[in-house]
Amino acid sequence: MELELNVDGRTAVVKELKREGNMLTVAVDDDIYEVDLVKVGKGEYSVLYKGKSYNIEVIESTDPKHYTVNTFYFTYGIEIIDAETRYMRSREETGAHHGENIIRSPMPGKVVKVLVKVGDTVEAGQTVVIVSAMKMESEFKAGKAGVVAEIPVKEGDTIDGNQVMVVIEPVVSA
Amino acid sequence: MDHRKINKVLIANRGEIAVRIIRSCREMGIRTVAVFSDADRTAMHVRYAGEAWHIGASPSSESYLNIDKIIEAAKKSRADAIHPGYGFLSENAAFSRRCREEGIIFIGPSPEAIEGMGDKITARRTMIAAGVPVVPGTTEKVTDETEATRVIMEIGLPVMIKASAGGGGKGMRLVKEESKIVSSLRGAQSEAKTAFGDDSVYIEKYIESPHHIEFQILADRYGNTVHLFERECSVQRRHQKVVEETPSPSMVPDVRARMGEYAVAAAKAAKYEGAGTIEFIMDDDLNFYFLEMNTRLQVEHPITERVVGVDLVKEQIRIAEGNPLPFSQQDLRQTGHAIECRIYAEDTDNNFMPNPGTITHITEPLGLGVRCDGYVYTGYTIPIYYDPMISKLIVWAQTREEAIERMRRALYEYKITGVKTSIKFLERIMDAPDFRSGKYNTHFIENNMKFLLAETECDLYCEDLALIAAFVDYTGKLEKVKLTMDNSTVRHGSDWKQFGRRHAAYRL
Amino acid sequence: MDHRKINKVLIANRGEIAVRIIRSCREMGIRTVAVFSDADRTAMHVRYAGEAWHIGASPSSESYLNIDKIIEAAKKSRADAIHPGYGFLSENAAFSRRCREEGIIFIGPSPEAIEGMGDKITARRTMIAAGVPVVPGTTEKVTDETEATRVIMEIGLPVMIKASAGGGGKGMRLVKEESKIVSSLRGAQSEAKTAFGDDSVYIEKYIESPHHIEFQILADRYGNTVHLFERECSVQRRHQKVVEETPSPSMVPDVRARMGEYAVAAAKAAKYEGAGTIEFIMDDDLNFYFLEMNTRLQVEHPITERVVGVDLVKEQIRIAEGNPLPFSQQDLRQTGHAIECRIYAEDTDNNFMPNPGTITHITEPLGLGVRCDGYVYTGYTIPIYYDPMISKLIVWAQTREEAIERMRRALYEYKITGVKTSIKFLERIMDAPDFRSGKYNTHFIENNMKFLLAETECDLYCEDLALIAAFVDYTGKLEKVKLTMDNSTVRHGSDWKQFGRRHAAYRL
Amino acid sequence: MELELNVDGRTAVVKELKREGNMLTVAVDDDIYEVDLVKVGKGEYSVLYKGKSYNIEVIESTDPKHYTVNTFYFTYGIEIIDAETRYMRSREETGAHHGENIIRSPMPGKVVKVLVKVGDTVEAGQTVVIVSAMKMESEFKAGKAGVVAEIPVKEGDTIDGNQVMVVIEPVVSA
């Protein structure tokens, strides 16, 4: 078994070389690791490597191919890259949505104010929507200048984390 | 002034403080009633209380701040007392008065005491009359701009302009230059008007390196008032306390004794009954001034409980029943050192943005000297409507140094996944030289922000081991899917056999 | 007698005590090494330690009792000290000696001290020489049956015949009638031979209503020895302690002072270094006698830690490093009251049969005054090879009465499913009138067995609500199965879509 | 939806009458309950009934139709009785295995001694096997007199909870 994984920008090839019970020999790029790895709970792994004891949490995020992995003090975003991912990526890069400026809320909350409407021209840095969560209001700004193409939320809506709030299309200069 | 035994308490609150109050009630054999909003049906206080009544929609204004609904629930459940916790209605004089009118014991001060301390100008006057030192400044509402400029120049710059009805940093302006006086005054007044519906402001001298020191007090209805020593609350971010400790590392015995006496005098001047807190501001030369009184239990009360050995919620209940205090000032002493860290659901790396969501997994720290007061559990979804504080971690040790090491150990053990929390940030505070030396004031967090947000070094293999774990998890899932696919092509007679097999395949 | 800083400790143990020791090491900045058997790869001490080394097969004799393997692991990991915990090798003189020979610090007493106190006849003689009262009886090994009869009649019936190498109730016989002397002597000798390979026995007067009272001591290598007061350990079932408390409800100040002095004298007579326990037997008239010395940390040490405010594991480590004790006798005092309950994985309704298995779900009690020292977690499978104790629940309060109420509250909060536990039985102990009054001795459990095993009353609706919950759970499962079946008939192109949908269907 | 359930000897018919979100109206035999019931974790339910708050744990035991249900201080064994269960039961009652004396260990452990062999005649109360678990040995005795028919375990075996250790067939008197 061999997989390509992306970790915060780095692409690594991980290959299983040998497996006997918990004992696992794995190549990560050119380095060979012999680890004692065992699952101790939902998404919780205990790993012994060179005597040291590591507790690693592997949490599926948006879909089965995206993980948030916590080691000691670090959190890594890891993505599995397979044929499907590559296909999706190539589509994204060449597709119609290229260059869009999509504004999402990183956390769940409530839309308290939408400051633009579809068709408005906005500048980079302009606040377009305000979300309230846990008694605190956060302003979300346009990343690039453009025209508001879509506003899939309205004031008063309760939204999930990562939900799209405003889509801004760049103005193609003639 | 008759004595009335409390048999059933309604807790007009949610979160960790509701759970904490129910614990003490349970130990006293008092039955408990939780109230909950739409968003809180699955909350821990609902599960832990003996009874639970729904009081309205998710926004606090329609539930935890709705006096009528809460009184109705108290009557339906035949509760003879209400504990307001902190926040929400805890410092609402109208609520205290309504309880009195309905014949329900309010576990807190009288409406008069709340009103007297709630208006900051009145509180200042009361304290001056009682001989308690206050920050140099005005004792009257300031409106006239020329007069204000004269007064400010008399006090001497820098000064703070503060809203009389204030709290939480709103309606506050720091003025350092004469040219900014008028604009700051207008700004404070307009903000105060918006936030509290009252544009009264007053002026105080600004203390340069302020320490926030507060004294816990307890007072019964027979005039007995004691203090339970100080809490150091100078580790703050945007006027929100983050870490508290007791004793204060900057305190010396004679200053403590004097502040304690003033704290008792302040409570007596306010005709206070119950548990309260006298907040002082202290400069580097240990000059101190009354700042305000909190007429409720504080978030940080557990560090006092640990060092003094008193259960403050039980004392609140006993006082509300009409019992005299069971101890006098000379019975009380501080033993060892306690620190509290507040755990928030927030993304400290992303401007401390709140981070509600579902708790995938939680492991609480345990063992010698550790107390963890929380309310979230594995599988629980933290609602978006309320405070982002999810728990408080309190440690005790014989010395401050040992307490810091114990806090580091406890924070290391504390694992919460699913939402981002401030745990890593708190670990950095425990490592910060200014904190360890005990030489810090309310500027600590802004002065140390770079250190506090720096990444900890990881050992050489962390990243590769993370990759290996993700690899193993993903290939494990792939195999399970294949297994399920294979099974589902061959159909068996019994659905249950099928179910059992799949079920097994999805177990960890 | 030089001082040697300890930088890395290997913990030659498992379970809660291994985790507890690692906690203190972590707070001292000392690195830790766990060792584990085949059955313990997923155990908490392996996950919590900085390093973990495999030492052999599951049975203790091939792992946790295997001196060679443990020494090998200590060398491989470059640990400079070994903490033995309790049980396993903690009172093994050969292990202490081997550590000394290998240049590894043994965090415990010298082999000579272990041997001197391990042989009960030698220990009795040492105590008599030091002026410590012992139970009237023999100081020589008894073999001759005529001589034995003469001695027994001189001491006066009833008597206990005990194995010199004894422990855990083995090789013990209670003799009440003259006619049973010879048969009991033979029985004790043969059992002692089988259990310990040594048929030496001695005779002690039998105390009718015995209290088991023990004193914690600490001694450094410079001759400083202190006691940390008593623990009352009379709540026992088959010589196994179940509940311990401090202070003892039957203790009075002058007896405490005298016993404490004798405890210190006993430790000095044994040339003891480290943490140890002097066990006394006390009758209803508060006459007390030395019983034996435990040359290790006790299971119940946390109640002393809480009431005296000392971290005993840290003190053990500091003593082993060669530091003098940081306090003298007059610095130490008892504050408030602490109780410990031992939680066993056992079926109390079925003759206390041990109940290993997988923990489906665990919720630990938290809050003011509660400490929970355990090692099992949700999803963990308790192995069949080791002790059934899964955790210790320790509470503190200002008074004994409040401590009992707090323990009831904590036991109520403690939820463990998947294995049967003794929690309900412990709640009944807290409710037992003899326990609440504090008037109990080592016969407490057998005298109260009927009360302790009685069912608590349930409210009217319990059973119907249980039926409703089962109904909802089952119908919920049925619907999920149907959903899955429907999905699997329509095949989609991507396995992943399929997986996602099913996965969702199986989530709770 | 209607089901027959068995709880420690009592057979009850549970019928769902109405369901709106968490609010559930159910008949248990002749009693009608209006409860607010919500799942708060794996097998964990929070139930509000007449203002009171109940925490009920529902744990699947040997198979999906057998539950262990914990309320406040009580533990109930609950079985779902459906057509399949009834069929299995009728088979069991009339089947060849009727009258067998099957000795199982209630807990996992290790077989330290098997005191009988196949074909031995045993008396009621006779110890046939000793199991060790957690440093304690437990003796298992024959419930009725008979002849040892099967011993699916041997000394030294590690066994699961409820695993069959000895099967004793009654001697049919002529």
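Observations on the model:
The letters A, B, C and D name the chains in turn, as written, and every chain counts its residues from 1.
Just so it is clear, a contact is a pair of C-beta atoms (placed from the backbone, for glycine too) under 8 Å apart; a residue touches a chain by one contact, two chains touch by 3 or more.
Everything numeric here is computed off the predicted structure, so don't read it as measured data.
Of the two chain pairs considered here, A-B and B-D, the higher C-beta contact count falls to A-B. Spacing of subunit C relative to subunit D, judged by their CA centroids, is 33 angstrom. If each chain is reduced to the centroid of its CA atoms, subunit B and subunit D end up 48 Å from each other. Our note on geometry: subunit B versus subunit C, Cα centroid distance of 38 Å, whole angstroms. Residue positions of subunit A touching 2 or more other chains, listed in rising order: 41-42, 52, 64-65. Residue positions of subunit C touching 2 or more other chains: 48, 377-379, 477, 496, 499, 503, 508. In summary, the structure contains touching chain pairs A-B, A-C, B-C, B-D, C-D. Those residues of subunit C lying in contact with subunit A across their complex are 33-34, 41-42, 46-54, 76-77, 377-380, 494, 496, 499-500, 503.
On subunit A, the positions that touch subunit C within their shared complex are 22, 36, 38, 40-42, 46, 48, 51-53, 55, 63-65, 84. On the side of subunit A, the complex with subunit B involves touching residues 1, 3, 5, 7, 10, 12, 14, 16, 24, 26, 28, 31, 33, 35, 37, 39, 41-45, 47, 49, 52, 54, 56-59, 64-65, 67, 69-74, 76, 78, 80, 106-110, 132-136, 138, 158, 161.
Across the complex, subunit B meets subunit A through its residues 345, 347, 350, 353-357, 360-361, 384-388, 415, 417-418, 424, 427, 455-456, 458-459, 461-477, 508. Touching subunit C in their complex are the following residues of subunit B: 19-20, 23-24, 26-29, 48, 302, 305, 309-311, 335-336, 363-364, 366-374, 377-379, 397-398, 402, 405-406, 408-409, 412-413, 477, 481-482, 484-485, 488, 495-496, 498-499, 502-503, 506, 508.
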